[in-house]
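Note that the chains are named A, B, C and D in the order they appear, and that numbering of residues resets to 1 at the start of each chain.
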Amino acid sequence: MGGKLLSLGEAMGRHVNDGDAVVLGACLEPDVPFAATYEIIRQGRKNLNAIAPISDASTDMLIGAGCVTQVTGAWVGNVSGGLGHNYRRAVEKQIPHPIAIHDHSNFSIAMALTAAAHGMPYAPLRTLLGSDILRSNPRFKVTENPFSETAEPVVLVPPLKPDVAVIPVQRADKDGNCHHWGNAGLIQEAALASDRIVLLADELVAAEVITSDPSRVPFPGYRVTAVCHEPAAAHPSPMTGRWRRDTPFLDQYHRASRRRDDFLAWLDEWVLGVADHHAYREKLGGRLEELRIKDDAPSAPANYAAK
Amino acid sequence: MPGSGSYSTQELMITAAAREIRDGEVVFVGMRLPIAAFGVARLTHAPGAVGLFECGLVRHAPATDMLYTMGDPPNQLGAAWATGLVQVMGQLQAGRVDAGFIGGAEIDKFGNINTSYIGDFSNPRIKLPGSGGAPDIAAMAGRLLAIMNHEKRRLVERVDYVTSPGYLGGGGARAELGLAGGPAAVITDRAILRPHGPLNELHLASVHPGHTEEEVKENTGWDLKSAPRVVETPPPSKEEMDALFKVDKEGFWR
Amino acid sequence: MGGKLLSLGEAMGRHVNDGDAVVLGACLEPDVPFAATYEIIRQGRKNLNAIAPISDASTDMLIGAGCVTQVTGAWVGNVSGGLGHNYRRAVEKQIPHPIAIHDHSNFSIAMALTAAAHGMPYAPLRTLLGSDILRSNPRFKVTENPFSETAEPVVLVPPLKPDVAVIPVQRADKDGNCHHWGNAGLIQEAALASDRIVLLADELVAAEVITSDPSRVPFPGYRVTAVCHEPAAAHPSPMTGRWRRDTPFLDQYHRASRRRDDFLAWLDEWVLGVADHHAYREKLGGRLEELRIKDDAPSAPANYAAK
Amino acid sequence: MPGSGSYSTQELMITAAAREIRDGEVVFVGMRLPIAAFGVARLTHAPGAVGLFECGLVRHAPATDMLYTMGDPPNQLGAAWATGLVQVMGQLQAGRVDAGFIGGAEIDKFGNINTSYIGDFSNPRIKLPGSGGAPDIAAMAGRLLAIMNHEKRRLVERVDYVTSPGYLGGGGARAELGLAGGPAAVITDRAILRPHGPLNELHLASVHPGHTEEEVKENTGWDLKSAPRVVETPPPSKEEMDALFKVDKEGFWR
């Protein structure tokens, strides 16, 4: 048995397997689990299906590193930079190898994960009608709304059941009970939809901190497979109340990834040549400290007393 | 164009976009220009406008610090609602969003937008980043407001791939699918196009100061027709410029 | 125009009309808006469709008072007492008049409200198969799952769009921005599904208190129609961190409602003979004070600072 | 039966229900007897069991104060998750709940439960409160555990209305609808019944101390058959009684 508290290396080694469908980035722009992305690349994982509505440059990195053969999502690029150069090279020139794309919109992937999270046989959508996403991704079905008296097309999306979701959170206890705040994106749906959940906890706290506020828990601890205590696991993406976004870092990645050689050099410098996320934080040094949020804007307390 | 009374092209576009937002409306804001437009609208004619962000945020007042993404810390601080994507886009699907902004790499004369594939999707010449939430906004918002750079290669006769539906093949093609809404304005760096006539084809409606109808048409990839009355886009008013200065403290859009 | 802050009498008078479909009780056992139930009875509203998965004795009271001709829900009774005597009299003996029942399970009404909240054309369910709810409520449709290779029946439930939802919350500002904590039941879905939302705020707070924690907001203020500042609006049901449950009060109601005459006497004493919820609180006096939660078990703070 | 070593009928039922919960299982707990059973199970053989409440709560340790409803303040304080009904029942629909407890007014020999209408539903003799979440638990939990008073009028040949499906008409009728699970045990104040044989008909499996097979059968509204091996329900052990005392400090179930 053993506890759930693992190093990031152990957690990725045990719980992300070659061929897995992996959610790396469920919160849209913030909380992209770059630390996990890097570790997966270090461990040389292959044939992953990278699932995310958008995941800033994380999916682009995984593609360039040769870890991914399928992408299920709505957008792959670099949020502040634009195009994903590794994504382009893989699709346009099969470098480093071909990948298959399962096109979605943000809302259709959201509802596919929602369907899996809540055990729905599928989710009916009003979106995607008129979009060529219905042509390039044959997994959708277009039917008629049986409750409508006039012809009304409805798009059905099947449940999307990832093998594992990696979710950065502000704080967690060692048993996988956690708090997350700020925009939630799809973290609840992605976690509940997945067979395994790996938390990247910015702060490891006592169980009592989490039970002090059960309404701030996005998904229950009993569903969590592993907990890694990794501050700044989302760097260079932001985490509400903890870390600001490192836009220059992402812009630098964007420039470096323009050419394959430069990308590989970038990968050596920031991923393969770095032992782990602790070493990555050390390497960032004062730059990371600059990004740390130091002000305090606390939430008003909520009372849960029973007497 | 520095100095008092002057404005940049981006500032004109922001102002034009702001004018598309009506007071009390619920608007999918997105990033970059539209977020500044939302701020200007709130400070001028639309103090009751509400901004939605698909990452799961709703704001009344725009963030007071620079945003690179909609999920940056300044957009979280002081938000009216921090929730999930489903809750926010659910409002869109429920028909409760008045307007939404999107950008795009390619748009065609019926307002269809491509942000996915240039060339055949099974073997594309260029792979663009993809859809994000744009198809959802395009399909389900009350009015679609597109912001584009006005280049012949971007404003094309027919997009290779419809990521986000406009009026599709024109006329009633969109309505036949049960989709309400549709493109209401395409704001470019040269002009504003609007659908006109039974085909809902985009027509030239407004030319920005310093540009001409001819130049706009030369830089459009289809035979762009003029709306019955083509106006000059009014430059930002004093009040709008004051709002712009408040919204864009760092002068990013100068 | 005017502000959203109204007295309960004004809010019910303006926003609950004869014939409306009204959600009174979306949080299951806690936060039943009894103050609104009483006020609706005082105002003599007619032909309501009372929507709630369960709503403790609230729906039973409305039925007995003759306000309701339709019930859409999963359970009508008295949570600690058992049977709903007014419900029985109406269905078995048409006293005070007949009512129509639209049978649901908790999950099917939940998904019907979810569908309306998120604009889904309908919700597909795995529940209700084998249940006679499909016989007594013809609004469901049974179809096949088009994604399944073998025959797999799926129940479809159409969206349920109430005219108004009345939602008690711990605190709100005058513009309808609010915080709710503890179990959430269906408050988000019911509110977002409804055309109008009336908040019953246990505490009226400054706007800054709500914006200090946007993740604790269940639905956005711009969707809220009216705000009533009514402490203990849920009495005799509990409100997390604020009020304990008045089980003897509900038991007394249960006994009184056994006979029509006794029910009418109860109604005179506790509803018709009481001017408003302020007078009701006064009448409860020390008994209400006993139920007030006095301990403090505060949530750990969440930091939203951006710098 | 006061005094050391003695126990009430309810305490025996609680203990029997607790034994149905396996360690590490995720269980829909509900109210009254089952919540005490969950507490006893956690304190004895199933320290890793998780309790779900459809109002939107998940707990590891049971509440330390008396609950009249599952949403009472003591059940909120120290909860592991406070969320919505959809999130909790979604776990059920996703097949991630091992077992669930429900009660009922009427149960039949195939474990179908009626809590809705006695008589014809369009003109019922008695209107019962209705379903709540019981049909959802009955349809979608891994195992259904029912708790009933053992009276002839409650254990009937065929319920008037199937609120919560058991094995329906018996045999494979349930499985044909694509429903997994089904009733695993019916715990009454006299006995424990379990499905047996190809028809999945409820059989007498265990008789509580102080009761007899004959008496149990006389108080059952169908021709109740005995399972191949009928045992006596073991009384609460010392460990179980200790747990009961911790869970039921006020002696509500004494």
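Criterion: a contact is a pair of C-beta atoms (placed from the backbone, for glycine too) under 8 Å apart; a residue touches a chain by one contact, two chains touch by 3 or more.
It should be emphasised that the depicted structure is a prediction, and the values quoted were computed from it without experimental measurement.
**Student:** Can you tell me the least number of steps between chain A and chain C, where a step is a move to a chain it touches?
**Tutor:** Shortest path length, in steps: 1.
**Student:** Any chance you could name the chains that touch chain A and chain B both?
**Tutor:** C
**Student:** Name the chain pair with more contacting C-beta pairs, choosing from C-D and A-D.
**Tutor:** C-D
**Student:** Report the inter-centroid distance (CA atoms only) between chain C and chain D in whole Å.
**Tutor:** 28
**Student:** In angstrom, rounded to a whole number, how far apart do the mean CA points of chain B and chain C lie?
**Tutor:** 40
**Student:** Quick one: report the Å distance separating chain B from chain D, using the average Cα coordinate of each chain.
**Tutor:** Taking the mean C-alpha position of each chain, the two centres sit 57 Å apart.
**Student:** Could you list the positions in chain C whose residues touch two or more of the other chains?
**Tutor:** 119-120, 125-126, 152, 181-182, 184, 188, 214-215, 240-241, 244, 293, 297, 304-307
**Student:** For chain B, jot down the residues that touch at least 2 other chains.
**Tutor:** 57, 72-73, 76-77, 79, 82-83, 86, 89, 92-93, 140
**Student:** Flag every residue of chain D that touches chain C in the complex, lowest number first.
**Tutor:** Per the stated touch rule, the residues are 53-57, 68-73, 76-77, 79, 82-86, 89, 92-93, 116-117, 121-122, 124-136, 138-140, 161-165, 168, 173-174, 177-179.
**Student:** Under the stated contact criterion, what part of chain A meets chain C in this complex?
**Tutor:** Where chain A meets chain C, its residues are 119-126, 141, 143, 145-148, 152, 154, 156, 158, 170, 179-182, 184, 205, 209-210, 212-216, 240-242, 244, 293-307.
**Student:** Considering the complex alone, what residue numbers of chain D touch chain A?
**Tutor:** 26, 50, 57-58, 60, 65, 72-74, 76-83, 86-87, 89-96, 140
**Student:** List the residues on chain A that touch chain B in their complex, please.
**Tutor:** 27-31, 53-54, 56, 73-77, 79-80, 82-84, 87-88, 91-92, 103-108, 110-111, 114, 125-133, 135-136, 151-153, 181-189, 238, 240-241, 244-245, 247, 293, 297
**Student:** Over in the complex, which chain A residues touch chain D? Could you list them?
**Tutor:** 116-120, 177, 188, 192, 210-211, 214-215, 217, 219-223, 304-307
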